[in-house]
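The following pair of complexes shares a single chain, chain A, combined with chain B in the former and chain C in the latter.
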Partner chain A sequence: MGEKIIELKNLSKSYPMGVAALKALNNVTLSFAAGEFAGLIGPSGSGKTTLLNIIGSLDLPTSGSAKVLGQKIEKLSPKQAAALRNFAIGFIFQTFNLLPVYTVYENIEFPLLLQPQLKPARRQAMVRQALEWVGLADRAGSRPKQLSGGQCQRVAIARAIVKNPRLVLADEPTANLDAQNSASIMEIMKKLNKELNTTFIFSTHDEKVIKHLRRKIRLADGRVASDESIPRCRC
Partner chain B sequence: MPLLKLALRNLFGAGLRTGLNVFVLSVSFVIIIGCQGLYKGMSEQMLRAVTASYYGGGQYWHTGYDPFDTLTLDDAHGRLPDALQEMAGAGLAVPALKRQATLYTQNRVINITLNGIKTDQTIIDIPTVKLRGGGRAIPAIIGDAMAKSAGLKKGGTAVLRWRDARGTYDADEIEIVETLNTNVNAIDQGQVWIPLDRLQKMTNLHGEATLVITAVDSARPRLDPSAEKDWQFKDQYFLTADERSMMTAQYIEGGVLYAVFLFLAMLGIFDTQILAIYHRIKEMGTMLALGITKANLIWIFTLEGTLYAVLAAVLAFIYGTPLLIWFARVGFALGDSYAQLGLTLGSVLYPIYTPSIVLGTAAFIIALTALISYLPCRRIAKLTPTDALRGKIV
Partner chain C sequence: MIKFLLKGLLRDRSRSFFPVLTVTFGVFLIVFLQAFFNGALANMYNTTAHHQTGHVKIMTQAYAAEAEQSPNELALLDLADWLAVLRAEYPGIIWTPRINFGGLIDIPDLNGDTRTQGPAVGSAVDLSADSPELDFLNLKKSLVRGRLPEKSGEILLAADFAQRLKVSPGDTVTLIGSTMHGSMAVNNFKLAGTARFGVAAMDRGAIIADLRDIQNALDMRDAAGALLGFFADNAYNDQKAKILQANFNAQYQDAAAEFSPVMRTLIEDSGMASYFAMADAVMFIIAIIFVAVMTLVLWNAGLIGGLRRYGELGVRLAIGESKSHIYCSMLGEAALIGIGGSISGTFFGILLSYWLQYHGLDYGAVFNNSTMMVENIMRARVTPECYIIGFLPGVLATFIGSALAGLGIFKRQTAQLFKELET
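Take a look at the complex of A and B:
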């Protein structure tokens, strides 16, 4: 088991709904170690995406604390949260969220451009390597609309891992993909997890993803219903 | 952070959308600068015309002279001081005597101002040389508009009635020896020009004048204190006050047109930026998720909008420069309507484009574009990244 990179304690999140409040997360306590390949599993409305957003410093908890990579999310300023996302966390979205006017290369380069200390040559090398990882080196000049769904998601993966983040958060990454593309995407992520020791946390209810997870955390009504781990294969 | 690089990527990546916005904005650039040039040309042409035709380099007015008070006109005359006489003798000034008179023509009675002017003068653009000689009738020159309203033409005659210095009425026949093709109202409507010596004789005002028109760029003579009390110098700025205020009124009217063009120009950018908020909100949410700060996000989109204007200025420069140069040479044909409005313009209006018009308009449009790009972008700052990712507008 690696070092704990995420510690969530009594985490709750409510959204105002008229006079009442909708409790998306209710007293969640969890921790994740470096190198995990874990998934938040549950039906729609169970709080998966909310939890992922808080871990990713995109949202703040209503109560409780979330410590991610040594930083308390609820204490971060917007600028510090942006820096955390830029340097240490990669995001993969259900709808790919590629920047439509950018080429594949430019989409992958975008997070690196936010890191001014990177020299252009180093940046270029990192983008090329990310393209190699996802097998899209020959599509660097294409625009998202010229790619298939599977290719788009591979670009999104490359964009998430190009900066060598310690943590990648994937929100329903296969929801818009067919079985073949889903399997391919999962294989790429498993390979990156193994080779780079990047921590992957998924939010999913897709069996095609669930079967690849080594840790399955089931959420129901904003609570942790079960937390089951499969030991890493040493083969 | 290379914000400019990202803004340029957004701009050029948008392809056709950018092309159309830049083109529309560049057309507006050219039209706005073209219109500004027309007004500048109109203003210059008007001032040049009134200066050449009547105001010269400025005028010395007898202290009793008030161009807006016809009742005191007959009292506004005096002997020229020595300095002004010397100036007139040297051909650097021309005296003019103005009297109230009545013209009887075509069964009409028309109140006019009778202007006596030296026939050998070359200071103003009235062909006074034509007033020399003639038969028994008093030779007179009138403007086209005056000829039209009085029903007179070259060679025509009319009866003129005036009062001499003592108030005695007298009358004689005048013959129109020339009609002036002029747009300067001050020498046309209600004005009859006759030889100065003849008018002085008719009114018993020998050696006297109402005003003295000086040549453009002539040095002002030093008048002795008593002469300075009776003769006051009115410079071009004072004399052209009416024309300038008329131009200001026209400029304000033109301002509406200017605003319409500017509005159209801004619409493209504003549309792009506003639509960016609604259509590109997920894009912005993605950028926030990837670690961009809100301040930098606002900068990128503001820069993107501003770059539209910069590119439009470059495009406008490329095709607008030859177009506007050609327009400045060929000019803009004016109909009769402008003359009827009382504007002193020729039949063709030549636009004038000064660096201040071109650079000022460009700077103004670019600054305005930056502002209208910034304002909608500010709304982004109110979004949380999760709202932006969901495409939810605040």
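Take a look at the complex of A and C:
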């Protein structure tokens, strides 16, 4: 087991709903180690995305604490939260969310442009490397609308991992893909997890994703219902 | 990063081309409207100046007191001396004498008996070939039939008036009026041509005759009702006119001597000071309202432009761009769009305004029954403020629109933006 990079203690999140409050997360305590390939599993409304958003410093807990990569999310200023996402966290979305006016290369390059200390040559090398990882080196000049759904999601993965983040958060990454593309995407992510030791946390209820996970955390009504780990294969 | 954002801006027509087009159109309208109003106001000034008052006008004090009756018995004497003095002391001003007169036009038949008659008002002006009056009254272009008076004893009649009197170029026309000394004056003239002056009030019954002929006819040797002065650039400037007036009156006006000269400015002499002030104010108010409306339109365009990009902003936030960086980039884009649109809008607005300034628009039909001295050709007038007026709403409104839209980024929780991105 690697070092703990995420520690969630008694985490709760409520949303105001009229006079009452909707409790999306209820006293969640979890931790994740570096290099995990874990998933938050559960039906819609179980709190998966809320938890993912808090881990990704996109949202704040109502109570409890969330320590991600050594930083307490609830104490971060918006600028510090942005810096954390910029340098250490990659996001993969259900709907890819590529910027349509930019080429594949430019979409992948974008997160690196937010790190001004990177020299153009280094940036170019990192983008080329990310394209190689996802097998899209030959589509660098294409626009997102010229790609299939599977290819778009591979670009999104390349965009998430190009800055070598320690953590990648993937929200229903295969929801818009067919079985073949889902399998291909999952294989790429497993490979990156293995080769780069990047921690992947998924939010999903898709069996095609669940079968690849080495840790399955089931959420129900904002609580952790079960937490099941499968030892990493050393073969 | 700037290059990256510019690339996106240029490639996304909905973010660049269409907003620039909106700003361009709005600024174009503002610039054109400003030039059009300038032209309308200048048209009013020029028409009044050319046909009635000059930019400044010198008369005897007695004549000035009853000027609306054209009392030629109170005319300015020693005209040649006055012209020499004025041309020497104020070389930047074009000085030209005029006599306004009224009378009866009588058209004789072959036997010399009256065939038709009609009342007429007339202006006696210098009709020599190099006279500036030909341009001031636009006589060459106004000719309908015949030619301009070239010889002594020739006159020009308004075309409609001539048609009513059933006279043609070459016919004899008798002017029955009164001399400077109050006796009856009857003089025969030959009709050289007919003209449409482009001023409805004149086209109904005006005579244009050479100054020397009328001086002879009305016993006004070396005298004129008034001496009109025009600024060399042919544009009325009230401030300049007032300075000139103050200088002249201080030097030559003698309050006790009713035949001493007095200078009046166009605004004073036309008796339309309040009318001009009102027209000025109304045009200013219309321009302000228009600028305000366009500001709202452009502001809205900026707002919509910002709002429709919430999805993109969500991605950028998730990737790690800070809210302030996104906000600044939005404002930068808005400034670029505003400046680009303002430049092109100003260019096209000025282009059309210059076209209208040189070619004009004939709207004479509107004033068919009017007694107002308004030229039938409407011209725009490009002034220095036309080059800058569009930038105020063009840049500022787009900028404010984006700034307000961008405030939404700060007001919303990051996760909320993120959710909007997913929908």
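We adopt the following convention: the second predicted complex is superposed on the first by the 235 of 235 C-alpha atoms of A that agree within 3 Å, B and C clash if a C-alpha of one lies under 4 Å from a C-alpha of the other, contacts with A are read in each partner's own complex, and residues count from 1 in each chain.
Definition applied: a contact is a pair of C-beta atoms (placed from the backbone, for glycine too) under 8 Å apart; a residue touches a chain by one contact, two chains touch by 3 or more.
Quick caveat, the model's predicted, so the values are computed rather than measured.
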Practice problem: State whether chain B and chain C clash or fit side by side on chain A once the two structures are superposed. | Solution: clash
Quiz item: Should A:L58 be classified as contacting the first partner (chain B), the second (chain C), both, or neither?
Solution: both
Practice problem: Mind working out whether A:L114 is in touch with chain B, chain C, both or neither, as first, second, both or neither? | Solution: both
Quiz prompt | Partner chain in contact with A:Q94 - chain B first, chain C second, else both or neither | solution = second
Self-check item: Residues of chain A at both interfaces, chain B in one complex, chain C in the other
Solution: 53, 56, 58-59, 78-79, 82-87, 91, 93, 97, 99-102, 106, 110-111, 113-114, 116, 159
Exercise. Sort out for me which residues of chain A touch chain B in the complex.
Key: 53, 56, 58-59, 78-79, 82-87, 91, 93, 97-103, 106, 110-111, 113-114, 116, 143, 159
Quiz prompt | chain B - residues contacting chain A, complex | solution = 1-2, 5-6, 9-10, 13-15, 282-283, 285-294, 296, 384-386, 389
Quiz item: So in the complex, which bits of chain C are touching chain A?
Solution: 1, 4, 7-8, 11-12, 311-312, 314-325, 413-415, 418, 421-422
Quiz item: For the complex, which residues does chain A have touching chain C?
Solution: 53, 56, 58-60, 78-79, 81-87, 89, 91, 93-95, 97, 99-102, 106, 109-111, 113-114, 116, 159, 171
